[in-house]
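I have placed the structure first, in the form of structure tokens, so that the comments after it can refer back to it.
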Amino acid sequence: MNAHIRKISILALLALAVLAPLGQGNYIVYVLTSWLIFAIAAMGLNLTLGYAGQISLAQASFMAIGAYTTALLTLSGWHWMLAMPLGLTACFVVGLLLGYPALRVKGHFLAFVTLAFNTLVFLVLRNEDWLTGGSYGLVGMPRPDFGLFKTMKQLHFYYFTLGITVLAALAMWGIVRSPWGRAFKALRENPIRAESLGVDTRRITLLAFAIGSVYGGLAGALITPLVQFIEPGSFGLAHSLRILLMVVVGGAGYFFGPFLGAGVVILLPEILRFTEGYYLIIYSALVIVMLVFVPTGLIGVWGRIRERFWPRQQVRADMSEGARLK
Amino acid sequence: MSQFLQVLLSGLATGSIYALVAIGFTLVWQAAQTVNFAQGEFVMLPAFFVLIGMSVFGMPLWIALIFGLAISIVVLGVLFKKMIVEPILPHGGITLIIATMALGILLKESVKEFYSAEAQPFPSLFPGDPINVFGAVLSLQDVFNLVISLGIVVLLTLFLNRTRTGRCMQATAQNPAVAEILGVNVKRMILYTFLINAALAALASFLITPVYLAKFSNGETLGLIAFIAAIVGGFNQIRGAIAGGLLIGVLDNLTAAYVTAQYRAALPLVLLIVIILVRPQGILGTSEGRTV
Amino acid sequence: MSVPVLSVRNIEKSFGGIRAVRGVTFEVRKGEILGLIGPNGSGKSTLFNCILGQLRPEAGEVEVNGQNVSGMRASDLNRLGVGRTFQQLSVFPKMTVLDNIILAGQEHHGTMLSRLFGPGDAGLTNEAERLISFFRLTHLRDTLAGSLSYGQQKLVDAAMAFMAGPSLVLLDEPAGGVNLTMLANLKERLTAYNAEHGTTFVVIEHNMEFVMSLCTRIIVLAEGGIIAEGKPEEIRANQSVIDAYLGG
Amino acid sequence: MYHKHLLAISTALLATAGMAQAQETVKIGTVAELSGPGAPAGTNWRDGIKIAVEEINAEGGILGKKIELSEYDTQTDPQVSRALVQKAIDAGAYAILGTIYSGSTMVNMLVAQQNSIPQFVGSEAPGIVEKGNPFVFRTSSGAQKGVPALTTYFKDTLKAKKVAVAWVNNEFGKGGRNVFVEEMKKAGIEVVADVPSEQAQTDYAADIAKLKQANPDAVFVYMNQEESARFLIEAKKQSLAMPLVGEVTLTEAKVIELAGGAAEGAIAHVGVTATATDVPGIGAFAKKFETTFKRRPTHDAIKGYVGAWTTKYVTEMVGELDGEAFAEKMHGLCLKAADHPKILLDTCWDDRGEMSRPSFMVQVKNGAPVVIGTVPAN
């Protein structure tokens, strides 16, 4: 029965996503599209952070790898549908190479390695201007054309992105529901016990990171045709941090957390417009307050409210907190 | 030759600042398992406290420095521990790391909006007279940076090894549970670590800002380099932090001068990956006994 | 004679000058239920952790079915057919009992890829349900493991150790904190499992009654060394064991 | 004197225009770097525009319609800037003023082009006018015009045989560096050291040591404000003896404030400068800006100011609110300061939107920039 309600609400949300841009100006459609794209990037990071419990500060760099690969190939005449998988493969391989040394050591080394990696990607994109256009970036990438369905119009591109997002979400759903997902969950709840049951913590974390990176690459592959201009500065550390906070704000380890978090981060500047430059101050302060009181993010806040007004069966006190970061 | 010497000496002077920041970072990591991603901002901020002291309250420089130090210890030491680390640490290390990232943004943006988005001049603490060393030029500032940070390391080591409080702090860092049984006031010892970290950050801030200028974004690269210095040098050693700091300072300058200026910022990453692969405990670190 | 299931040779481990385990050597044969007992601080937990690779001994070797496992990671050890339980509660509290048990088996089936693309239960539901009913937990199949009673969680913990069909299971204080009825149930089930599958057990336990009635052979440790070895009744009568427990 | 005169005129105009005011307004969108790293430039740009719009509205607006100014903050993010130009156009903007960072302009100018909306930008990267976009116009000369103006200075005044270039490795610095190297090649001057540095770099020891080793006759310094200041401080420390010549930034008030004594003697070529107070329009603007905002205007403020006023002048020459006609009129247009005082200096736009006007050589003497020569428009 609960699953029934869940199904209906997912369908309702999907319908909302289909109807939302109708009759809106190009700007709103653009904002909605970038919400979907960042939700994809955040979904990937959620796998790394929320499920495998590792901090990655390189999600924007993986977006860059996806974006530049797609841009270079589509500029040389490839179709987006062929260019994109190549970008994703590149992200997967780089993710493995980067994660391997970092995850060999205990502690939060992945955070530092990815932090430094973000700088490296920026430098390569800027310095190798024979390939990447250097600090001027790349411009004029075509939007994918599917014969009858052209995505040149903002609204069409939105639906194209929505379609890709739904597919990406379904793939993620599959991962989370597979034996893998169970292993992730076990890892998060009790890593030592999981290890003693044959769960290869190191390898599964590495793969989670690499798959999470692929989602970053997919988001990048979509940014390219959306903005039709990419430059190294759009994939800096600040953006990685922004995606990380999306995951945390939405609720790390919850399937729909990234959508919520990305929505908040993309839309908050609009809502807090009246505060002018203070919006980041307010936002970061709110994040800290949230982490003090409800570390499980906005989805956790909702859970608390529901628990308060419609209490369900009594749960043991030590178990009442939600899935949380280690 | 004089170019090499110049680059080497300047690298040591810069590296000594990295070392100061890295030491505080190491201490806090050991005592409270806190990885502070706002460490760079902790160095950016104290200079602004001094500027506020001078411009708003009209203090003379030396008073303003003491004022800046005191405020830093309260805000970056006590308040940081009480308002952020204490309530969030029970939720787990990752949550705390993310909170310190948000804190970094908060500090940076606050300075930008409430003080200035532009760089500000900062008074020099030492006369700028150049000292000629075999064709290389050092300022008195450089010399003091080096002397002060080495001095701090010596003093800190003496304090940790020779005083009762210092030994209690070490016991706390190694095994809080045992320290507690031995009658050490663990909470107070951890607080001391945060105070020392704040004081070191303030000191580093006062030493570099005359050259780097006071700007809200100054912490961005400094924080990263300090982490990497700490990891490269060896996390569980104060000596490690200073070795890592000096090493990065020198290598960074040598890379810029002789290898590639375009990729100089990649050096810390390369160093980090090499260390992780070859010697994860760091150059001077000892591998930790704890496995479970 | 065949190769011993577990062979421990000359294990040495010290902590800061205190020798917690001093050159312990023993073997366990197929189908045996070996009890490791000893007063607090006798080194049995340290020995246990050395065998399981959680601690790295300074000297000595551990072999499982003739293969050297010194320094092996826990997950690899498990894949060699070594199951274990933990002293503290070690179920996955936010997962159902069924999911707990399936997890314990899934890493032994298929590849990394097939676990990613395969069916959600990795085809293990039937096997898991058999084990659940063996441990008489069927009515709790879909309950979150975290909401079970302490004793029930101990049963789930034990069941997980058996899911992968191990040749050797190490039980770390299985009786600790479990009430009498549940304890009898646990002992009965372990014995039945041993009889049915011929699985070898090594048990660390404080509860003498439990050990004496469960085990076929007992090793007594004191101050890091073996002071006695034999059948339960021999141990019960051994003067040095009584001294070790009473006199220290 | 001039200032008072202006005020009198504007008050008089306000009085008459106020009565005949039409309800209709002209919407103009300021899309600028109001936060993020570009905030200092963006806020000056916006504030320059604010002064202009106040003046224009006081004079009755454009074609008798008041200007309704909307601000959009790009957070110095090109993607956001693109979205915001779209947003401004969705809201009915007749013209876009901004952005300043070339990276942002490169992307958002496509949107204005698609919608046939004229756009005045503060960016100086050469690429902007090389894309065949008929709707983009500069408010200051691009690097490929500004830097060549310096060639004669290096060649004739400094009589340099070998030079070095120290530049910040972003799209701004790289553009300037490329033009400079090209120019030196043409002039037959050898470039003996080519030293890139990072944006927000703090340690310039290695850079200066390299320059010292190369020992050129002069160094061309092409960096943003605070980087320039840190560079000058380190140069003084290592007593780098040759002349340091820059383009615009090196002698800006902010750089002098930051570098203190180390800025002494630095030379720069400046398009428009608030220090050129003997140009009447500039003096008046600087004064008004300072009383309104309690700080001195930068060249970005002047650029914004000129952009807003040009919008008015040219629209009234066209006689209607028509973006395409406006763009057509702009190409090849020259405005004389005598006829259009708020243009400040005689200014021309070519058929690509590039602008040219007389410029100045400035040197820091006794802690203040002093005009040491003028350079004719090129």
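Residue numbering begins at 1 within each chain, and the chains themselves are lettered A, B, C and D in the order written.
Just so it is clear, contacts are C-beta pairs under 8 Å (C-beta built on N, C-alpha and C of every residue); 3 or more make two chains touch, one makes a residue touch a chain.
Quick caveat, the model's predicted, so the values are computed rather than measured.
Asker: Specify the chain with the shortest distance from its C-alpha centroid to the centroid of every protein C-alpha atom present.
Answerer: A
Asker: If you tally the C-beta contacts, which comes out ahead, A-B or A-D?
Answerer: A-B
Asker: Quick one: which chain's Cα centre is the longest way from chain A's?
Answerer: C
Asker: Give, as an integer number of Å, the spacing between the C-alpha centres of chain B and chain A.
Answerer: Once rounded, the distance between the two centres reads 32 Å.
Asker: Averaged over CA atoms, how far is the centre of chain B from the centre of chain D? Could you give it in whole Å?
Answerer: Computed value for the inter-centroid distance: 39 Å.
Asker: Can you check how far apart chain B and chain C are, centre to centre, with Cα atoms defining each centre and the answer in Å?
Answerer: Computed from C-alpha means, the inter-chain centre distance equals 47 Å.
Asker: Chain A: which residues touch two or more other chains?
Answerer: Those would be 127, 192, 277, 280.
Asker: For chain D, jot down the residues that touch at least 2 other chains.
Answerer: In chain D, 35, 39, 169 touch at least two other chains.
Asker: What residues in chain C touch two or more of the other chains?
Answerer: none
Asker: What residues of chain A sit close enough to touch chain C in their complex?
Answerer: Per the stated touch rule, the residues are 174-175, 177-183, 185-186, 189-190, 192-201, 203-204, 207, 315-316, 319, 323.
Asker: State the interface residues of chain D toward chain B in the complex, per the touch definition above.
Answerer: 35, 37, 39-40, 43, 169, 195-198, 200, 202-203, 205-207, 209-210, 212-213, 225-226, 229-230, 233-234, 236-239, 254, 257-258, 260
Asker: For chain B, which residues are in contact with chain A within the complex?
Answerer: Spelled out, the residues of chain B in touch with chain A are 35, 37, 83-84, 87-88, 91-95, 97-99, 101-103, 105-106, 109-110, 112-113, 220, 224, 227-228, 231, 262-263, 265-266, 268-269, 272-273, 276-277, 280, 292.
Asker: Would you tell me which residues of chain A are touching chain B in their complex?
Answerer: Answer in residue numbers: 49, 53, 55, 101-102, 104-105, 108-109, 111-113, 115-117, 119-120, 123, 127, 192, 237, 241, 244-245, 248, 277-278, 280-281, 283-285, 287-288, 291-292, 295, 324-326.
Asker: Contact residues on chain C for chain A in the complex?
Answerer: That would be residues 52, 73-79, 84, 86, 90-95, 99, 102-104, 106-108, 112, 115-118, 120-122, 144, 146-147, 160, 163-164 of chain C.
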